[in-house]
Each structure stands twice: as structure tokens, then as C-alpha cells.
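All chains are identified by letter, namely A, B, C and D, in their written order; residue positions are counted from 1 within each chain.
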Amino acid sequence: MPERPGEVKMKKIYIQEEYCIGCRLCEIYCQVKHSKSKKIIKAYREELIDVLPRVLVEEIGYNSFAIQCRHCADAPCVAACISGAMQKNKNTGVVTCDEDKCVGCWSCIMVCPYGVIRRDLSGKKIASKCDLCVDEEIPVCVKNCPNEALKFIEKDENEKN
Amino acid sequence: MHNGEISSYGTNKRFVSGFGYECTLSTDTEVIAYLFDLIARKQKIDIRMIHLILASPLWQEIERMPRDNKELVKALRILYGSALINGPFSIIVGNTGFMYALNDRIKLRPLVAARKNDYLFVSSEEASIRKVCPSPDILWHPDGGEPVIGIVNKKVAGKKGDGTRSVKLDDQPVKV
Amino acid sequence: MKKTKMIRKNNTKKNNKLIDYVIIGNSAAGLAAAESIRELDKTGKITVLSEEEHLNYSKPMITYFLTGSVDLKRISFKDREFYRVNNIDIRINTRVKSVDTDKMSLTVEDGSRIGFRKLLIASGGKPIIPRIRAAGAGSGEAVSFNAVDSMNYKKIGGISTLATLRDAIRIKDYLKKNSVKRISILGGGLIGLKAAEAFLDMGIDINIIELADRVLSATFDRQASGIIEEKIKSRGSKIYKNNTIEEVYITKGNISGYRLNDGRKMECRLLVIAVGVIPNTGFIYGGKVKIKRGILVDDRMQTSVKNIYAAGDVAEGLDILLKENKNIAIWPLAVMQGAVAGNNMAGGNKKYSGGFFMNSVEILQIPSISMGLTVIEDKREKDMEVLKDFNPVKHIYKKIVIRNSRIIGVILVGNIERAGIYAGLIRNEIDISSVRENISRENFGIIHLPADYKKHLVVGEGIEV
Amino acid sequence: MALKLNQSEFIIERDENKCISCQVCVRQCSNDVHEYDSEGDMIYSDSLKCVGCHRCESLCPTGALKIKERKSQFRTNYNWSASHLRDIYRQADSGGVLLTGMGCDKPYTVYWDRILFNASQVTNPSIDPLREPMEIKTFIGRKPDRLEFKSSRSSKNTGVRLKTKMSPQLELSTPIMFSAMSYGSISLNACRSLAAAASQFGTYYNTGEGGMHKDLYEYAKNTIIQVASGRFGVDADYLNKGSAVEIKIGQGAKPGIGGHLPGEKVTKDISNTRMIPEGTDALSPAPHHDIYSIEDLAQLINALKEATDWSKPVGVKVSAVHNIAPIASGIVRAGADFIAIDGLRGGTGAAPQIIRDNVGIPIELAVASVDERLREEGIRHKASIIAGGSIRSSSDAIKAIALGADAVYIATAALIAMGCHLCQKCYTGKCNWGIATQDPYLTKRLNPEIGTRRLLNLLRSWSLEIKEMLGGAGINAIESLKGNREHLRGIGLNDRELEVLGIKHAGEAW
């Protein structure tokens, strides 16, 4: 599976499912973060909010969780990308899609086992995924989770917890 | 004789009144006398331990005491918490048999003691002791909560016959 | 110039004529291998040979170059900096004529010989050119040859494959010079449809000539193909199924038309041949390297000859669904195989966990993804089961093929949301019997997965996968 | 269906140019007040169902919501208040006993707000808790009449050791404990938060009538286990797990009547913990059917001490009623190690509104009169008094201790710290804050990690405030505050109230 312990030591987003209350504020703040204006009311009002959230909440009954890119060590999406747009940064370990290179062939969507890459058809048809809010202190989904179900920590992935 | 105001007066008063003492005088000093009487006479607590009640050591000191002492002081504090005199004071309590001086546990008031042969001097100021006894054998400033106890030694007193009471000074307070 | 000076400096001790790592092929597999070699061996000399004149380019992007959405600069998936940083000696226009597995050396078309300690063959695939009878266009015009085949097709104007960037450039020029309203594509498979996707985007009608009874027959069933065919036809383009080209008419050296095997004659100015690709193994002689359709390799990507590896479209690695080696010519596996090959060539012991067929293609805004074994109508075994969800109006079709409660095949047309979850289920052979009824739902998600595998994906515990 | 006369009690104001129709409020309201209409991409609110819990307002990402009391006025009538009319409408609708949650909300005098605390100026210096030690360690348990000592030759001290065997005490790092809230009336996450906060801070929480859930065994050392008339979850193992046993005779919000946990709230987990069949109503009768006089209580106390091998304090919890003083005296004489007195405004998960609002007396008067009576009978030192119902702030706690309590019980304050907004609808089991509910969709909303942290903060801030006030009055040990009515002064109280409270009026010196 792609989640082999990565060479890169990095903070990742982890979830405690039992505290996700399905409010979807993570999705909302992710949309605002990736909107032009970055202001929640302006973004929703003027950008007709076709900005896709990069985190996805799934819910059945009282079970729910938010899931986003795991920035895998051996990322299948980086392997499958035909244009070189999907790259894992050697030092930060963050997997990002270069919007100028992506041609919208959806190979990454085909291989991502978490299904957390989406088709952004608003502009020029590119893959849209979590970029771990590298320019933020902590990712906005983690910051705005009202129940601290999302955590942004560095965890030794292969130690059995 | 007492110098200072007792912040715990309300609690001390209730404690002694629970044992039948009536606080009628309009001074808080009154409660100290009753406390002393209650603990020493009625509750028969050895005079050398009374300071562990009236000016109980702080919990941080109690935690560091050896097991037996800790158990003892803790029990005293649990039972006689309401007898703890809180607030600044330095008191002298005496009767025909003894003279007892004590400072509040965080020493908000001065207290000096001195000894010359079998005379014991206690005062707020060193100067007043020097006035009466210019060169005492030993002069010391007791710590907060550390009593000065002078017990009149009946045998010795008889010999002198001049009404002066000599003081047996080997009755040290229980050090914990 | 700077690059070569650096190479001579660091291996003076060794016989400097012998190159530590030679890689034939400058594409997905080749460069993935080069990168993973460099990860383990910081100093070994790496030389990549490419028969083409471009820095590097991604074959699946050729059709995007054709439509102009990608230019010559953007088509390369590794920039010049990649070679410099990884100290890779790239030699373009260097076509390998033969490989001598005994002497561990190869000869290039210009006659020069290169010795190597370790060789990776990542030469990819070549287009298949069927022999088609050729004749003058009715007016009895003499035609210098009686058939079109792989040797001479390039000489005829208006006939081309769409396998290399050079093909795309030639077609683009041809279209500029000749106003072509309709292009014929021989072959309705993956490459044919990708070509169709490009031409339709450029507003040019197409004729697709397909031998089978439907397009994308290798991976789509009739219903799935039906959606795509409907859409293509709605744009005025035609699809000739159960058909092929009997004869080609040539006028003044250019194609002018052809006759289908059902007798119909078609006028044609541009014919793109896209019937299929075979592994490019022509230059390997001596029979020591075992080749079936592609070069047979073990789970370290090593061929039957020690120190000679193969990866990508030329190789035949393990297909985890058929449980045997199979040539699966797709980009993601080429990269994975290249990485494994490079790792082992440089002394690592990374294993190739096998792969299965998968493809993503978007035709006229209908995205479609197919994975694994999807066409099983004919060889339906007893423990196989198919779940379908078909909505022709919304052009949405979902087919899941299950064999003893493991997913082995998926077709998604129209809605390809979260397709990779199925890829994960196939790769990890997850038993889905406990959640059978959810598998083919439209909004299928991780929450519908079996508990343990779901736990693994969401919180990282659950099962070790 | 006949017209329902009750109007909605709240108005939901939605600021149109702030609402982004993100539907967080729709998902978060368990009373289905908000509804999303996809055509108009609008959200509509049915204010009749709103209970004023402010959940939607708190989670709305753009602050578009404001909840206000509707207060549509009846004709002014000083006799028939609006709540009287509304109660009759509801009774005419249902014909049942009107239930409510939390504590009495009637405008009876809140004595805490009529009492002022002292501070030292000049004659005795105040003590700065930042620079001087300030001791608020408290002991709850039975005290002997006097102590005996014996000589001991061990070198470390000078010949004196304790001879009397002290009865077991609860050692609290602060004079504040969490009072009884059962697993069943509140969620397991809430219980876990209370338990974890109590153990980390060094104080105690109370299991209430719900028994102890196995997940909370790890906190047993900081648990006071309650034995109520229903004996839910009570067995030898349970008794020996906690650090103290509390016999529940009464609860401030519903003196004299038993408890009722509706069957639907008795999930599988709760039925295991309470050892009752799943889905059955958990009725705790009043009185205990084995306590019909003070002598029976003495027997039960003794039996419980036997069962726990005299290893832990056994106390009694009673609601503050008119004869609380003699009752308390009897309880002390019956051998109780501590008495927990729950005042008129004590909270509850479910109680008849009429009883909650009209039965019992305020805790301030109860503590004052019990402390006075026990002192008069010379038995005040024997047992500890714990005041509860309702302590709303550290100043309430200080005043309670000054009136004579050893420590205070807080529960409503703890719930508020965890998110409760006092909508008083706990009995519906639809608590939007995930506290007074067993619905898994709602209980998830209280992450115990956050709950514990907030409760720890509450304990920490109250303790600091207590130290500040003590220091201000020149006291550096909580023992000197207990029953120290000299440091209290009444304001706006009549002479009888001052007399009952045993405090002088503001302005009078000692």
C-alpha cells in the first residue's frame, strides 16, 4: 500500500472518527481558504462557491469522518501522473498538483486509494487535492474543527498504535 | 499579651464556642487564651506540641517530613484546622507554671528571645531585652511557628526562696 | 560543457569505457529507474539512450499536444534540471541497433558500441501496422507497391500512426497544409479513442473503423461503449464496427480513399492507424533474454539474464488478477516498474507487487475509467458476479466485476468520482462480501467499505495492507 | 388537530447578508428547527421547536444567527405571570406532570448575591498568593473528638507519635468537587470528562445513581460512588472501587421524590452499568425502602462501612429542607462521615417543574443553620459539610465555606463549562451539546479531551480566585475560612435573614 513509512518526517492530518460530528465546517473553511477572496461571505457570495473543498466528509447515520490526501510516502498519484504535475516535495513531503502542468487526464483520481482527488472543472480542468495549507500555521480544516477531531501531528506511521 | 490582628478570629471563635467558651470581650486576643486553654488543658495536648496546631507548618513542609511526623502533624491539622491562628501575631501566654511565646507561621511580626542563667526573656524588640539584661548568655529570633517555652522547675524554685522562679530550659518544642 | 566534465571526474578508477547503468528508453520507466538508481547510488554513471530528438515527453500527452493545450515545452514531464540534478547523461537521437547479452554491450545505429555493467531495457512499445492492399485511385494510376505495411507506410502522405511526438508534429503540419474535414482512424481501441478525443476537440469529424462489435472492446462492454459511441455519433462522426480496411487508394503519393471489407468506399485525406502496440524488442538478439509478447521479468524487474532488467511497456510483469506475467502497457505501472528496476540495479531489494490494467480517457466531456478484468461476458466463471448501475440519460454507467467476493474489474463512465478506491480494493484483494450492496452505489465512498479496510484508510490502523 | 396555544419562546434572527446557506445549523439542531430548501438555496427556521440552546449560533461560521427570547407579551398581570399561562397551556395540552431540567429559575432571593466578603486593610496585611504559599488543601471525612499520642524512641523526632487511628479522609487539592450526575442522565463522554478532570486536578467526581461504567474504572481513585434508593449498579465490587460512598437521600431540585430515567434513555451500555434490564424505566423510589427513620440510616451507614472494611468515608446527601438543621445533626450522630446538602437551586436531569420551583430552601440558609446547630451541639467537628446547588462562581464557594461548609459540590457549573446553555430540556435527551443525551449522533459532540481540559481550567481558575480572595482577607489556609462569618457581611438583607445566616450587616464592624 502507498503508506510505506516515508523518508520525509512531516506533520500530517489525523482524525479521531469518534469525535467527528459531521458539521462539515472543515469543508467550508477549506473552500474559503482556496477561494480568491479568502473571506467566507464574499467567497460564498461572489465566487458562487464552485471552489471545491480539498477535504471530504462522509457520513452515514451517526458515523462520519473527514478525509483528505495522506501525502503518501510512495504516492500512487505521483507515479500515475503523465504530466509531472503531481510531485512530492523532497523536504516537506507535501504532495501537490502543479495547476499549470496538470492536463486533467484524471489518472491520479484513477489510482488514489483514498479517493480524495477531485475534478476541478471551474477553471481549466485540473486535479484538486489537499495541499496541507503549507502557508498556514496549521491546516484550516484542523484549525476550524469544533470538536478537535482533526489533529495535525507528526506520528511515526509504522509504529503500531 | 498579643500584637497583631487575627484574620481567622471568626473561625477560631466558632471552634472554641463549640466547646463551651463564650467570647465576650471585644478583643480577638481573648480567643487565643481560650484556644490555649482548650487545647492544653481540656484536650490535654502536650504544651510542646501546641505550636503544631496554632501555627501549623505549611503543607509543603509537611509533605517533606518523615512518615511518623507527617502522620502526626497531618492529623493535628485535620482535627484542629479551625484552631489554626491565621494572620500576623506574636503572643506570649503564661501562668504560674510556664511562659510560652509564639510567632505566626509566616513571621509577619517580630519576636526575640534570650536567656541568662535561668532567666528567660521574650519580647517584640531586642532593644527592650538588652535594656533589662545587657549581656544575655544566648539571644535568638525564633522562626515563624517556632515557640519559645519556659517551664518553671518546681524543685529548683523551692531552694531559692526569693520568689524568683528558675526556668528549666531543656523542654525543647517538638521539632518536626 | 559542464555536464561531461563532471562525469569523467568521479569514476577514473573504474574502466571508464564501461558505464555503470545504461538505460534504453527516455520515458516513464527509464527516468523513474534513473531517479531511483540515483537515490541509492550517488556516484554511479547513468546514461539514458533515446531514439527520439526530444528531451523527454509523455506519450499519453501526445493527443493534448495535438489539440494545442500543451506545447513542446510543457509536454516533457521532467525538465532539463532533472538530468543535471541527478547527474544523468542523456543521449538523444541514439537508436540502439542490437544488444549483446554475452559481452554486456550494445551497438548504436551509428556503429558505436557501449559497454555496461547493468542495462535497463525501457524501450516501450511500437505501433502495429497491418498489411493493407494498396491500389491507384481507380484511374489505373500505377502505384509503386501493392500493399501498405510497417516498412513503407511513412512514405505515403496522409497515413500516420499517433505513437510518437514526431507523429503528432507531422499530423499537425499536415492538417495545417491540407484542409481536412474528416479523419479516419483505423482501430477503436485506447489509442484510437485518444486520437478521436483530440480530433473531436479540434472540431474535426472522425470515422472510426473497429474490428470488434464496439469501441474500447478490450475494456468496455456493450453498454459502456454504447454511451461513448452515442456521444461521438451525436457530433456527426461515424463508427464502422465489425469492419476493417480492405484496400487503400493512393493518388499522387497521398491517400485518397479506402474500401471497407463490407465493400463501402470512403473518401479520405488522413488515415491514422491505431490498431495496437507491441513491445519494442526488435533490437534484442541471441535468445538469452526470454521474451513472450514483452520481456519476461521477475519481481525485481530482472530479465532471464543477470544484470539486465526491463520495465514499462516493453516488459511483462506480474498481473495480480491473472496471477501470471502479462504485458500491461500503461503509464503508472511503467513508473512503478522503473522505480523497482532502478532500486534493484543500484543494490536495493524493492519488490514489484504486480499490477493490473487501468485506463482513464475523457471523450467529449464524458470521463471514463476502466480497471482490471471488465470484459468477462464470454468466459464467465461460476463464482463471478457483476453489479451494474446504468443511467443512459445522465451518461452514467458503473459496472463492478466480482470474483469470489473480491473486485477484479471496474468500468466507470460519466461519474469517475473516487475511482481510486476501487483500485485500492482490487490491489489489496479486499473481501467485500460484507458490504456487497454498497459497492455499486452512485455516491460510493470509504464509509461503505469493510470495517477493517475502512479503519486502515481513515485512521491508519485496522489491517496492514 | 386542535390549536396549540403555546407560542414559541424564542426568535431565531438570521442575518440574510451573512447566511451562506452552508447548512451547519441544519445539521447541528437536534430539534429540527432549521430546514434547507434547495430550490431557493435558503434556510428556514421553525422557532416553535427552538429551545434556546444556542448550538446553531455557536457553530455558524459567519455569525449569522442570533437567538432571542420571543417575550410576546400577555396583558400585564402581576398575579398571572406569562409562565403561569404557558404552564396551564402545556398542561391543558398534555394532562401530564410538567417536567423540566436544571435548577429552580424562580426569582427567589439569591443570598450569595446579598453577601459581601472581607479584605484586610492596614490592621492585618493581605497575603499575595503569587509570593506566599496559599493553602486550600481540604479534608472530607469523620474527625475524632481528640487525639492521643505515644512516645516513640525512633531518632528522627523527639519522642511523640500519633496513637489514634484516624478515620479515612478524602484529600482534595481544592475545596471543590463535582457532584452527582449519573451515567444515563448525562453521556459517557461527559462522565469521562468529569472523572479525568477530577483525577488530574486531585479532587473527586460523583457517579450519581448510574453506577460506574467500566471505562471509568481507571479513575476509581477519584470517584465518590453513590448509593441511591434504586441501588442501581451497586454491588460489593462497586462499593470497593470508589474512594468514598455517598448515600443519596435527596436532591435539591426534587426533595422528597425519587428519580426517573425514561426507558428510551436506558441503552445497552447503561443497563449493564446500572444492572437493570435494557429499555426499562429506571425509577429510584423515594424514600429508600429500607430507611424509614434515622436509625435505619445509621444501620445502612454501618453496613456500608462494614462492606468497605472501614477503608473509606461514608456520607449522606440530603436536599435542603426546612428542618435541615436537626436532620443534619441526626445524620452526624448516625455515623455519617460527611453530609452533602443540596440547595433549592440544585440541578437535575429531569424533575417535575412544580417541585423543582417550590420545594426546598436555598443552600446559603441551609449551610448557615446546619453549621450553627452542629456547633451548638458540639458535634460540628465530627463530620464534613459539603454545600451544593448551586455554586455559580468561586465567590459563591468562598461564601459557602465562610458560612460553615468544608467544601462545595458543583455540577451545573461543570455542565456549563462543557458547553451547556441551560435550555432546561435535559429530560428530552436531545441535548445539542452532547451532554445530557445518549444519542450517539449527539454524544460525539462532547470530545472528552476538550471536556476534561475545560473542567480543569474551571477548577484551576476557581482555585486561583479562591486563593486571591483568601489572601485579600489575610488568610493563608482554607481552614481559617471555614465558618469564619466574621468575614461576611449582608447587604439588602433583613435582620432575620442576617440572624439565620449568622452574619452582620455591611457597615457594622466586629
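One rule holds in what follows: contacts are C-beta pairs under 8 Å (C-beta built on N, C-alpha and C of every residue); 3 or more make two chains touch, one makes a residue touch a chain.
Note that the structure is predicted; figures quoted are calculated from it, not measured.
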Just to be sure I understand: going only through chains that touch, what's the smallest number of steps from subunit C to subunit D?
2
A student comparing B-D to A-D should find more C-beta pairs in contact for B-D
Which one of the chains is closest to the middle, using the mean of its C-alpha atoms?
A
So how far apart, in whole Å, are subunit A and subunit B when each is placed at the average of its C-alpha atoms?
73
Could you please state the distance in Å, as a whole number, between where the Cα atoms of subunit A are centred and where those of subunit D are centred?
44
Per the centroid of Cα atoms for each chain, what is the distance between subunit A and subunit C, given in Å?
29
Sites on subunit A at which at least two other chains make contact:
16
Indicate which of the five shapes (line, ring, star, complete, other) describes how the chains touch one another.
line
Can you name every pair of chains that touch?
A-C, A-D, B-D
Contact footprint of subunit A on subunit D as seen in their complex:
17-18, 20-24, 27-28, 59, 61-62, 434, 439-441, 444-445, 447, 449-450
In their complex, what parts of subunit A are in touch with subunit D?
16, 18-25, 28-29, 40-41, 44-45, 49, 61-62, 144, 146-149
Touching subunit A in the complex, subunit C uses residues 32, 58, 60-61, 64, 69-70, 74, 76-79, 331-332, 335-336, 339, 358-360, 362, 367, 369, 371, 416-421, 423-424, 427-428, 445-448, 456-461, 465
For the complex, which residues does subunit D have touching subunit B?
120, 123-125, 127, 132-133, 135, 137, 139, 141, 143-144, 146-147, 149, 152, 154, 156-162, 164, 166, 169, 375, 378, 380-381, 402, 404, 473-477, 479-487, 510
Inside the complex, what are the residues of subunit A that reach subunit C?
1, 3, 14-17, 56, 58-60, 63-65, 67, 76-77, 79-84, 100-101, 103-119, 157, 160-161
